[in-house]
């Protein structure tokens, strides 16, 4: 039994509020337990220089925490004048994950800017960002569709992320909160598609190592959790998919 | 009659949600019409180097917008690696205003960090920040009081801010939204205490100039609006002031 | 009676030396008491990217102090690698003020760069900068006129600035020197046109607040001082206005 | 059969030259095929601020490429004034991996700085860096042992890294060179201990996804390659281990 | 005959105005022809970290140009956020030169900050800076002497600098102005002591090379010019040396 | 007799390994005693903005040290976020020197990027860089010639550099190693062409001064050393010059 009374294979409650901020093409507030992230997707009608003239689009992500999203206040990265390695790592991960389920050839020379801003942190901010950002990006594409700027939803699969880990005593658990994350022996972030395939696996033995069997157990936990997350995403997108009459492969995996 | 059907002397609806984020000592979400700002106050048990050894405290503010708080996406200041002049101007203003109603000798060698993060912008973000930050700071001092780290609420007056302006055709108006602000001939930010005195006046004829009489009319509008804002702040703080049994001069001005 | 024997409503002696540096299109050394600022106006034959193709010009200002313009040496901003909030605030103010009296449609796609470099500081450097910069800018436009690059002086009014303030004991005074500024309860910078209208008012109760009546008294002091400053500017520009045969509204206000 | 005639499960030739540069406590040139990295380990007799007073040490890594290590010249990160996200990600990975096999309590308040400088790149620079850095770090600890600054080799296991991947057509391969890496559908970096356990797994479906079975096949390839790499490391360290009479768990895994 | 009618071995007129700015311990305006540099020497009562505890002092220099000191406006280095290579080269040269004639053991743990700010440039700004800075530094030491913080003038020799060069057609000339400098085949900066010895020689064949004989001719020109400069420095310092009753080796070289 | 048993006029052993790294158009490892520098020359098919449209090329150099090239580890300049004054000075020197022997009109609108990366330092890294970079640049031009992108070797003379200096006791010596350099009273870097003319002389009396006679002695030492260096460069380039059938003025000076 975990500190917050969850089972080893139990997710924290997840809420996705769509259209949270009014200006962005797609906007979502995702809450995973006490972790809260605003995910905004903005469409820009051009691509970065290295992509120009190829007739295809690009997706890039930025991630930040409000200074007091955490127990202790962090110095603002704009004040420090540079972005930390942790931030860079996370925003590269979010962008890469989203690009894996979007057909960039179908969106024209446009950039999707995804901004994930953590307003309250309790572990799992990067995975919550990916799960929320996916919904925001679909909403933004929905807007392009309704404006007839694109002719088909360019998203090939649902996409979500969660964390799994192994406690010091050897138990594998799903969806670590901050307290668990800071004590875990192994910490693994998993990004999967609705079809049940892996997009990214990042597993780290913080002060420990792990065997293939432990890896397998953790990945099975992730897979089970992911199925529930896809259901929640599907509900958050129900109003849109009904309106535009397009569905995305929601992961009816065998 | 204004675009959004307001009278010249009418504020937009203001909502102040206290304890919005869980970690900060004081946290507020302030909504002024469509403008939404998270104001967090954090207490740090030391002062910046230039203040050390004087037995008194310090208050400093930081201000930022989420990239897509606005109609068009702004580049994140952490990515640019520097803070813009506009941001600096605003955060200096917020800090200065708050310091004018706090007795820094009464808070010990502590720094109050005030973070104002605009999640949605529709004009008046700096004045909303001041109005919300005041409440967050009082909440944070309330926590210090309850923890018996200070013995008395160190706040001498209520403090709030609003904008006034003059349209191109010469009408003075209260509380400009973004559309009005971008067309206004004169734009003025006013910070006042609950006692009806001025803390700061910043008036700019953007592409125009203004006379003393026009200034007087605008300041009267500000004064009327401010009385309503103090009432809203008082309600937001009612639960706290009841609990700690201390009141702040709420501006029963003559 | 003030420390330097001035009356409350008395300016310090002002000297404006034109053509102080040889390369700039307009160059002025302004001395206001012991405060000395070099104001150079440079004409560049293009505008910043956000202004291109509109057929109009732009004016922008930069402000700096020599490291030892002050009692204690300041670290050079180029060594720190960033410009302070105070500097940004001042240079934004100078640029905004100058743009309010120049018809940018009349100068073609040109940028006027105004550089205000304080070589000795004794209070009021930002207001001295504005007063001096106005003269430098007119000189620069005079050169464009003589080169027949523009056909008419594009300046609509004289422009100057001064400071007013309130001492702790409640006396309102004009044109604060450094000693007065550091002790003042209220500090206000006023920018006015020759027609006696306000361009910008920035008043701050440093550790105090002020009433509407005190504001009124301070603005009257500013207005009286300003009339004398316009006379000094007019003399500094006499040689030019005679040569080009154009006058600027010198503020024959009622 | 691969472009360079290797089998799917075949490593490129690996050479480790010890004592490559004379000043560092540990220095290695590692060549993995055409990839060449100088790995230097430096001992500093203090730890970073966040570690002070705990009586234990720290290991941190920096990674860089010479501008022309690659086919096209890259701009030097010192000229750009900031370190790229890719660089940060890699140096964080190297440091984390090395810390997992060193008992930081056994090295006193010392920092081991590991510098991995790629002088020629042909894919796999981060895994070559880890493999080479491990040897450099052991050499540096050997020096501390011989100087009697520590009493026992503080390294618990051998450590090495390699890459595995999946070609677009679905074949899993070991140790990708640059050409393979840029075409691979899946790219995975694996860090393992001599005991055959995982320290870190980072797998990315670049424009593809992968199943659990494909993951398993790739990890088996990595495991086979790793056994050969440990043998090469052991040879490179033979002279030292003989001299100091200490051995490290060389991975006699079952 | 040169453009400005000088002989090959003729200096431009040099004027040194002492006590130019009021705050610094030593302040000088040096004019060499149309080149004008403010040289301020500030005394700080501590040394940089790398010098602490040695009981000796340090001299460091900073150099800058006003943006419009030159024919075309230069971007301010504080705006660019970094100091150019040219600036660094010059300020390192100035500091090094001054340290060569000051006995740092005689000034206690103090730093002399030398600020050379070019307000108008017409070639030879770095050599004018050194010549002017020497006088400013002696004035600052004079102040320390009069305040009895040091007991003896710690300057061992007079110090000055000038430029020499070779025109494309092969003529060697002394003290190049900007026009000459930009056309010169060889450009050489020479720093000498009052005793006629070299402190620094920096000669560059810009798009040419030079022989030993040409070098010798240029150095002789420099030596002749230097004698006149020392006389001008001696006059500028006459009032001080008379007052403090100490002389510096003024270069009665054989 | 010197510490390393050399005569005053004796160079350290010099080795030049060509084609050291595979990607650059020209690549060299130069070893001067224990000093080792990788010099890579890269050809880019465009010039920097300030050179465009003139039909001529440009040569620019960058210089860096690996952090542990020296006895103590230096902080990486990319981590500091800025390039030191020393580095800037050196890379400006290398670029200037190389441009003096290349006819930039003969290489089209191309930039030659020269990267000098010191992997081990023992004094004389900047002069070794110039000597090695010259060979790398010639190799790169050789490649352009063979690709028929240029029609003639655009190099007018051999070019090399060495250091000379004066020990505290007054002895002049050639090619200082680190130990000598840190104790030398005078330190001079000399760049010469194969024709025996000077390209650059930079002599500094670190805590001393020097006379014309001492200068002359040092320059004679440099000249003698340079003749041997040209021979070594010629050998390193023998294979190329034979293949392309072009020779460069190898300095058969009288």
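Just so it is clear, A, B, C, D, E and F label the chains in written order, and each chain counts residues from 1 on its own.
Here is the rule we use: a residue touches a chain if its C-beta (ideal position, glycine included) is under 8 Å from a C-beta of that chain, and two chains touch if they have at least 3 such contacts.
Predicted, not measured: the structure shown is a model, and the values here were computed from it.
Q: Among the remaining chains, which ones contact both subunit C and subunit D?
A: Common neighbours, subunit C/subunit D: none found.
Q: Which chain's C-alpha centroid is most distant from that of subunit E?
A: Of all the other chains, the one whose centre lies farthest from subunit E is A.
Q: Looking only at residue numbers at the subunit C/subunit E interface, is the share used by both copies over half or under half? Answer same or different.
A: same
Q: Provide the C-alpha centroid distance between subunit A and subunit D, rounded to the nearest whole angstrom.
A: 29
Q: Round to the nearest whole Å and give the separation of the Cα centres of subunit A and subunit B.
A: 34
Q: Taking the mean of the CA coordinates per chain, how far is subunit D from subunit E in Å?
A: Computed from C-alpha means, the inter-chain centre distance equals 52 Å.
Q: Indicate the residues of subunit E shared as contacts by at least two other chains.
A: Residues 81-82 of subunit E touch two or more partner chains.
Q: Which label fits the chain touch graph of this model best, line, ring, star, complete or other?
A: Looks like a ring, each chain touching just two neighbours.
Q: In which sequence are the chains arranged about the ring, given a start at subunit A and a first step to subunit B?
A: A, B, C, E, F, D
Q: Which subunit B residues qualify as touching subunit A in the complex?
A: 21-24, 27, 34, 38, 40, 42, 44, 62, 64, 66-71, 73, 76-83, 87, 113, 115, 117, 119-120
Q: Considering the complex alone, what residue numbers of subunit D touch subunit A?
A: 82-86, 88-89, 91-92, 96, 99-100, 188, 193, 195, 197-212, 215-216, 219
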